[in-house]
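Next, two complexes with subunit A in common: one pairs it with subunit B, the other with subunit C.
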Partner chain A sequence: MSLLALKSITKAYIEKGKYLPVIDEINLTIEEGEFVVVVGPSGSGKSTVIRIAAGLVAPTQGTILYKGEPISSPNPNASIVFQNFALLPWLTVQENIELVLEVRNIPPRQRIRTALKYVDLVGLDSFEDAYPRELSGGMKQRVGFARALAVEPEILFMDEPFSALDILTAADLREEFLKFWTSGKLSIKSIVMVSHNIEEAILMSDRIIVLSSRPGKVVGEIRIALPRPREPHSKEFENILDQVYSLIISSHISK
Partner chain B sequence: MFLLSAAFWSIVRVFIAYCLSLLFGILYGILSATEPRRERWMIPFLDVLQSVPILGFFPIAVTILVVIFRGQRIGLELAAIFLIITSQLWNIAFGVYETIKTFPKDLLEMTRSFGMNTTFIIEHIYLPALVPTIIYNSGVSIAVGWYFLMASEIITLGNVEVRLPGLGTAMMGYVTQGNLFGTLSVIGIIVLVNFITQWFIFRPLIEWSDLFKFGAVGSAPEEPKLVTILRNGIPWHKVSGWINRMVQWGGRFQKSPVFLRILNYLISIVFASLFGYFLYWMMKPPYPHIVGEIPKSLFITSFRVIGAVFLSVVLSFPFVVKATKTASNVKNIYVFAAILGSIPAVIFYPLIVRGLGREHMELAAIILLLTGSFWYTLFNMLKGALMLPTTLVEMAHIFGIHGWVYYKTILIPAMLPSLITGAITAWGGAWNTSMVAEKVTFGQESFSIPGIGSLLLASTAHAKDLLWVVLIMTLWIVVVNTFFWKKWYRYSSEKYTFTE
Partner chain C sequence: MDDEGGQCPKAGVNEVIGFLEILDDESGKIDAYKIGKNFGHQLDQLLDVIQTAQIFGFLNVSEGDLLLTDFGKQFVQSSLEQRKKIIADFIREFGVFQLLLDTLQEHPARAVSIEYLEKSLGESYSEGEMNRIRDVILDWGRYAELVWVDSDTQEIHLEEEEEAMPPDDFSL
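On to the complex of A and B.
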């Protein structure tokens, strides 16, 4: 049984009497232990797919199954890392993390312990009393990661987590995160990430799902069996890059 | 000492009214922002209420409450507090509504993704996010509250024997007696209390509220002692639970459509019949002869109000131009204006009238109208000038755009939405001031000029007359607001806002 299954997911809006589908009949399965990246141009509804998969948004049609059970509200076993960090400006790093633990009725002393543990994990020790406004973009996203991991989710969703960062910081964070994932020390069973950066997708994932745009439809999947860390200039890497681009271009032409 | 007890009563009234306004304002704002169906009627309703000249309704409130409480002091106290609440409530409610509606979407998604329920969100997300708007609007509201408190103590109503002990009443007494020292002492105390409140309480609070702004950069402000006391002293969890229960209660009604429809019919029938009876009573002859004088008075006062608004805009202009020259200038002028503007100008009025004499009442009236409207245009136009993107200013500088061309093509268009907001609030302020400006009574003598304000005060002895005057005046103001001002604001905000 797959960890997560999206069956015939459609999401449409009605604006001024017109039916505007954002995503159309999307079928996806995520198995345990997989790192899947959904790529697509803007307008392909990738953010919508992730929000439906996490139970945040209800689809117009279709069902989501988590471990075989249908999901109709935010999945308590899932966590999200947001593109623009989504931190509360009036809480310190530590307080931002403790907040989501408080929701789960974790007692105060344990909250502090867990929060500090994850602050250390993402490399922000000595910054636990800093406010988000005092941090750089990369540091803010580290808090985002720490918070998402602190609730020890089974499945992690990431909505373009590195897009708001400059290239060097993004590369750093990507590398660090991949190390955590491959070390197997995280509680997370699977990861679903959304990205418009194809190189990033090939660098990180086990499987790439390509979406077309307007409306978003799955045009193809590519499995990547290369060992990590991956070399962006190797022949295999460039091969896969070509495959992904052809998928995207052919979907464009067929429109 | 007599003055100290007068000060005490005035301060207590403002404080009680403020706490109640805060409570109801936050509730109203949260309720209207969290459910589209509620929003659809709550916001237009608030809009209309905001246009109604508060001081126009004061005589009605007094009459009703005095009748209910049989002429005892508690009736007048409640009327004064009610008056102050109506001046503060709309500001706070609108601020809360806007903050919740423009709340960053991804933060809300984050809260739902981590499983936060409504009470949790109210306590940990909404209430903190509301801190900047509450603090800012409180500073303004307290200043406004003082203005109306003084006005309520200065207005003499035909059939009321009891006067409330307070600073306004004290001053009226002094001016009647010709006691200059007493008058100046009262003015001094009012200025002192306002200064202390704005400088020592609200200024540090406004600085601290920067912690709650989205997208701020730089070191975080420290927490003032007052805040620590409030934070630990109030059971926030209980407060949020209570607010949540109010929000849910509203929602629960909507879940049973049959019950709701029956309730709707019943309420409509009751209202329609009450309204019908009211109309019948109003229209029944003999017609109060005062009705004939209403159009003329309305016209005269409108003329004065329009003049005051125009003058306010023109007079604010030099300050705004000066302010845009340097960034530090803006802050200085702002603080200066905030402190001066918090002094209720109403208190100077008896002094001015007495000093200028009966022949110059018109001049005195215009001056007072200006004090009731100038601050609004100044503040809003300053705000508009502050929002002018520095890149535009730099561009004008590099291309050598100066003087009249600069004002005509850049400064004024950029400021237009704020200018119109300023004009709208100045218009409202001038109408309110007209209630106090057109007729002043010192003991036995009274000074008055023709206009709807003096007409209203003259009609307080007869309920029917009073109602006719107030209702027609209110109708006029609401109509002008809806069909003139709102149109201009919409037009200017569509054409002249900065969007990338």
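On to the complex of A and C.
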């Protein structure tokens, strides 16, 4: 059985009296062990897909199945890493992480232990008492990762987690995250990430889903069987780049 | 693919011309993924540039290949003055420029506030998009020497030379 399934998901808003579908009839299945990246330009509803998949936003139509069961509220087995970190500025690193544990009714002592364990894991040892404003963008996102991992989710959602960082910081964090993922030490069974960076999508995922824009529909998918770490300058990598670009260009650009 | 209100460039002048020059260096044909590297593989930027080059008739797309058209080749190989003229002739036909230029002609001072342009765009675009499209429109308008912008007063002005010779241009 698949871990997560989106069945004919549509999300629409009414604006100035017009019916505006953001995503339209999205079908997506995530298997256990899979790292899937959803790629599309702005206006393709990528972030909406993730929020609906995590149960944070209700779809206008369609069903979300988690391990075969329909969900209609935030999925307790999921957590999200946000593009803009979403840290509370008046809480320290440790407190930011403890907060999500508190919400999940973890007793105080265990909260502290777990928070510190994940602070260490993401390389922020000795920064647990720092406030977000004292951290660089890369460090803030490390806290974002620590917070998402600390609840030990089965499925991790990531909404362009590297796009607010400078190129080198993004590359480092990406590489580190992939090491965690491939080491099998995390509780996570599957990952769904959205990105508008094609190279990043190929570097990280097992499967790329390409969305059209306005409204977002699935226009195709490409499996990536290359071993990790992947070498962006290799012939195999370039072949996949070519396939992904061809799919995107042919679905977004009229001839 | 057209937005309401007709065609409108989505990427800036320098991005598009830089892109066409790369394409010309590659003998007029390149795999999209190779050009994607020049954009750091950021999808939005690349698609905007491709769509804009296409609106001007500079580019054809076939599967994953980007092909410079004969007109595109002619454009890239033109002098700066010729390029400006080609662009001016083109964008004058776009709805958004027509409206702007007509309004400027009607106005005694041959100037309107940037806010006026924003308002007329606001009906077709969301705020974030509107800001970007406004900048892109002014970028092309200035390149084509159809308008100039006074950043102190936040006003868009009609270029004086254009007043002297409009009829010929429309006959091309």
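Just so it is clear, the second predicted complex is superposed on the first by the 252 of 255 C-alpha atoms of A that agree within 3 Å, B and C clash if a C-alpha of one lies under 4 Å from a C-alpha of the other, contacts with A are read in each partner's own complex, and residues count from 1 in each chain.
We adopt the following convention: a contact is a pair of C-beta atoms (placed from the backbone, for glycine too) under 8 Å apart; a residue touches a chain by one contact, two chains touch by 3 or more.
All values reported here derive from a predicted model rather than from experimental measurement.
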In the superposed model on subunit A, is it clash or fit for subunit B and subunit C? fit
Once the shared chain is lined up, is A:198 touching subunit B (first), subunit C (second), both, or neither of them? second
With the two complexes superposed on chain A, say which partner A:99 touches: subunit B (first), subunit C (second), both, or neither. first
I'd like to know which partner A:183 touches here: subunit B for first, subunit C for second, both or neither. neither
Check: subunit B-subunit A-subunit C angle from CA centres, nearest 10 degrees, reads 80
State whether A:249 touches subunit B only (first), subunit C only (second), both chains, or neither. second
According to the stated criteria, A:126 is in contact with first (subunit B), second (subunit C), both, or neither; which is it? neither
Please state the minimum Cα-Cα separation between subunit B and subunit C in the superposed model, rounded to the nearest whole Å. 7
Where on subunit C is subunit A touching in the complex? 1, 31-33, 36, 40-44, 47, 50-51, 54, 60-64, 66
Would you pull the subunit A residues touching subunit C in the complex into a rising list? 39-42, 167, 196-200, 238, 241-246, 248-250, 252-255
Under the definition above, what is the set of subunit B residues touching subunit A in their complex? 104, 106-107, 109-110, 112-116, 120, 124-125, 128, 131, 211-220
In the complex, go through subunit A and note every residue touching subunit B. 51, 54, 56, 74, 76, 78-80, 82-84, 86, 88-90, 99-100, 102-104, 131, 133-134, 151
